[in-house]
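Two complexes, one shared chain (subunit A), two partners (subunit B, subunit C).
Moving on, here comes the complex of A and B:
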């Protein structure tokens, strides 16, 4: 039935065209430009693998070197706009339309190009949302992916940084799309099969590893005492009373401080085994002391972290590892785990407004979302109970029938009232709104919506938004922890004191915390070297983080 | 693991503030501050730039006792403007050194500085010159001036020149000594010459271990206040005096050093030339093992 096999036929043509530049499945590097030209068609939907960590960098620069007179109008559907070449593809007119999730280091340039009309934006997604669309209406025609090694049959070993690869390959290959992988080397036998060879059409031997950004390494030396105070408040005021065992941490310094306080402050509070036992989390170096002290039972990871490979391999009781011994990460599964199987998300943000919407957007930058809005949202499809989930649900609707009451995921925003360069954390109006109107976006890029956030933690205290009964209380609860920002100074002191009496706002002294105890000596590690030592030398930090 | 508890037993020199360092260094309760913060002797320049001031202008000076011997102490606060020298900051140290010469009392300078404060550059540069002269004059009068380097800001720019005039330098692994900082070198010579973001490169080029190995410092200690205190007590026992003979010895030592290592492209090449067994292991060695490996280091003299 040729009418029903048009996609298969088109794939056959691409395979035949590509075959002319390959030996079997292997494309030699010098043939890569001619090969790419022969298998990509103008107007194709292309997934160029890359997220906030790993990058198919060789394939990205080859794609950017195509001639726009021959190939144009590509629709890029990819997790990350991270490398300069990702935007060169648009600058040169090879691609036109973009659906993506994260743009960290390119956030300023992507905004300029959107203003300049060089990019036609579909939408900014969360990771899981973009993955979902790969299977519905954004299925790639071509996927350009990255792995560590391949055999001649195309079986791929992705190593600790598997990340998005299985998802991208699943969506592309099973829907008649073409899959091309860059690998460091071709081997006789791969250490483990992460992607079966019959889903992979061609492999390119790059001769060097794909690029990985050490995004989740936070140097303990840079943690401030204010951040330590916020971490103490979170541990004693949220982790302990709710008994949060299953959770995800953001990448900021506040949560790094929490990780480093578990074996010291957390131990003193007797919380070991009662909180932080199961994580959806990358292998954060700052979690090493807690793992070594026996706090953590299990961690599933989105990706790996540069330098943590040997440590992870030596702790298979905690991490997911393959028969070869190395970490197996999977972004789609871990995002799902963070959404449905965790009781708390806690992370830093740049701006919070009076309703509690928060955003990491500033007017000149579009950093995208990555996974935070997914982690930082209450999953309406959740049905299994747990202590923190039920307790949060009860606080939100104390009068309702317990058996019919939804629980609530704890979504905690943590930060100092004044952030980097003394920018206030609390604002009347999010910069995201200016950006949305300047770019004529239907939606302002909001990281965590106000109806999802349950707690805000600053050095001034904790605001429990679950216990606010109306808009006014909510606003005063937020103002009540906003310190000396304009928002904080415009509080209604009487109402704030009332909220405090009800336990909606809790100050350090209400929790028995002396701010003077927030000392760097409380950190289980105060430098990258301490982390290396705590790992027994297994953690090998990248050169840029080593101060020895 | 002991990492969780180790921190509470000792004071990291690198982490500590200027005042915490003094408290941990001198005999308990013996410190008396001169021109303390209550006198609000602040920079006359910073307000012009709308920059915050500090009541002690980022340096604490005074007298105390070290193992019962009277000493003068100066400690820079690296967390205030990178410990940089301004007019008042410099004048406090100059005054302390002149008093040391008159009263024949040894001095400890706890460096933590990026160099001269750009907002008051002329006054700062003059202060550097005055301080170096005051140190030389004090040493000529038989006073020992000991420098300690192990703070967050390191010891850069004019601070490193001052350090070069001290009788003895005590350094920790975290300490860095260099005239030009990493960013300055990269800006002027390009990232191929020096990648300032490569922290391992920064430390093996300017860090305490390398400086100790090539004779840029006299004592190498753990990043711990009691270790610094003991090294300071030891340092005060060395021979006093300063003259042409010291300078000539130092000149020939530097010529020899240039001959031996002038062609080296990286600190590891220098360590290899020193005959160190596994030079690439040096950065990771704990203090005891490092000191054993450093047996063949270049000598440090009483001038640098």
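Moving on, here comes the complex of A and C:
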């Protein structure tokens, strides 16, 4: 007779082994190394919680301190490779295989280790895609997660940074995997139950908060006039004509400039209430002036942002908050919202080729994807209409039957023609292709595919790729906004002027924008201090941003 | 340091009566542009000192577009560049022409 309870029995063994180092569900910090060794088995699939924001940092360093002679061949399935310890685990030979999504701060080291064969790469995913695989073929045996507080029964309070936790716990615990949480403190009663205790097997009282990276804070003082010009072009040339109310913004300075221009330039254009009313977005500090000016009705967030906790708690009409008053974020739900319920994604990138593929990979760095390719893609399963979606669909296929025509999500790439260290934004060939061939990957890591991108905005103008009818037009539309890069200077001036006459390319002057008006005085806040003042003192910037 | 010089014919004379104007600052990624009314009305002279080497073709494209699109006749322009990107150069040149057109205060 078959035994249908082998996973349950294995969990029982792990629980019994862990119990020897715990007091009920609580594992004292000094026992953590022995505890981890007793509950993790060589070859386990392990989810170490961490994304582009919060990190189960105590559990990460304990895992990296295991002896590879005792535990090895782990298969790490996690959102972020962010902390040095995440890669130490591979360097020491404790883990071998990796499936992940984002690796921003470790992008150079992870590339070296992939080249050096220290890591066996499964795939680089988007967040939502990796979460999906947690439920199909990458279900963790052990999840090491992070929360703010726990009670003795294991009920967890994650605070504003809930992020990936519910998804990781759901996939692990309901499939007989083991869930271990690090918490700042054990309390009698948690402020709200974010994760029910019967899904959590052990808690470790770390005595200090988990690490959170303030990734979504952009200092307005660093925004340039050219970025302001691109923001003016986007607002007047895309937000206004399409009437984009539901959207997601990337984390670059161009979109920060857009946020800071809404109460000034946007107000002057009469766009309040007509654009930017609903966001899938983290609590960006640069959105404070627009929120205070009454532009924004509702925001759902992937995570929180360091220093924004009190401000968010004081604006429950705008943000999702719990009975305790603090933000409830959820990356899986917000990524789904960004995919299906938003009409536009706008973000920056590092390289765009002549077809319109874009990538943030350079030959020596693999930053991963995070959420951008998900939000920056046209969801083929969408069925509800909206004005911007229908308009974009009509521009792409004007001759087709309107009732049978799919709409299109607006996927906008915005940037200056030259980036940091004068690196051109436009290239003949993406560095991602070199990387893919060097690492023998089946797929080049492309952030936004050519057939998803609808507009490219630079200081030279807007290229509307929906209105290009063939490959040639598309290439010249891209060259036509590529400025003084090699790609831009090799344009066919006649075809570019034809495209401009058709409105495929629109220059600042075509939109009634004088580049000389792109002045920092247009920004609703010009420094972090201005943002703090705009919030009435509720925004508490992290010390690294306090330069006064 | 690299120095570049351009003598271009300009179809439109710079407006206003100011004899000179200065915009921008010499800083990394930025540039200082001094404009003087010291060239024949139908030409524009541009002298560039730049910290970045090997961008001659880009400079030429930027200054040619500038003289084509803006009233720059009669100007001698001196640029002290700290490795500014072309978009910043184009913006400063345009700001310089606007400034020399402004009435004296």
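The rule is simple: the second predicted complex is superposed on the first by the 546 of 548 C-alpha atoms of A that agree within 3 Å, B and C clash if a C-alpha of one lies under 4 Å from a C-alpha of the other, contacts with A are read in each partner's own complex, and residues count from 1 in each chain.
As a working rule, a residue touches a chain if its C-beta (ideal position, glycine included) is under 8 Å from a C-beta of that chain, and two chains touch if they have at least 3 such contacts.
Everything numeric in this text was worked out from a predicted model, so none of it was measured.
The superposition on subunit A brings subunit B into a clash with subunit C. In the superposition on chain A, contact of A:293 is made with subunit B only, not with subunit C.
Shared-chain residue A:489: touches subunit C; no touch with subunit B. In the superposition on chain A, contact of A:384 is made with neither subunit B nor subunit C. Of the two partner chains placed by the overlay, neither subunit B nor subunit C lies in contact with A:440. When the two complexes are superposed, the chain touching more residues of subunit A, out of subunit B and subunit C, is B. When the shared chain is aligned, subunit C comes close enough to touch A:418, but subunit B does not. Of the two partner chains, subunit C is the only one touched by A:459; subunit B is not. Contacts of A:544 after superposition on the shared chain: subunit B is touched, whereas subunit C is not. Across the complex, subunit A meets subunit B through its residues 263-264, 267, 289, 292-293, 520-527, 530, 533-534, 537, 543-548.
Within the complex formed with subunit A, the subunit C residues making contact are 52, 57-58, 61-62, 83, 85-88, 91, 94-95, 98.
Interface of subunit A with subunit C (complex): residues 224-226, 229, 416-418, 422, 459, 483-484, 489, 515-516, 518. Looking at the complex, you find that subunit B touches subunit A at residues 1, 3-5, 7-8, 12, 14-15, 173-174, 197-203, 207, 209, 283-284.
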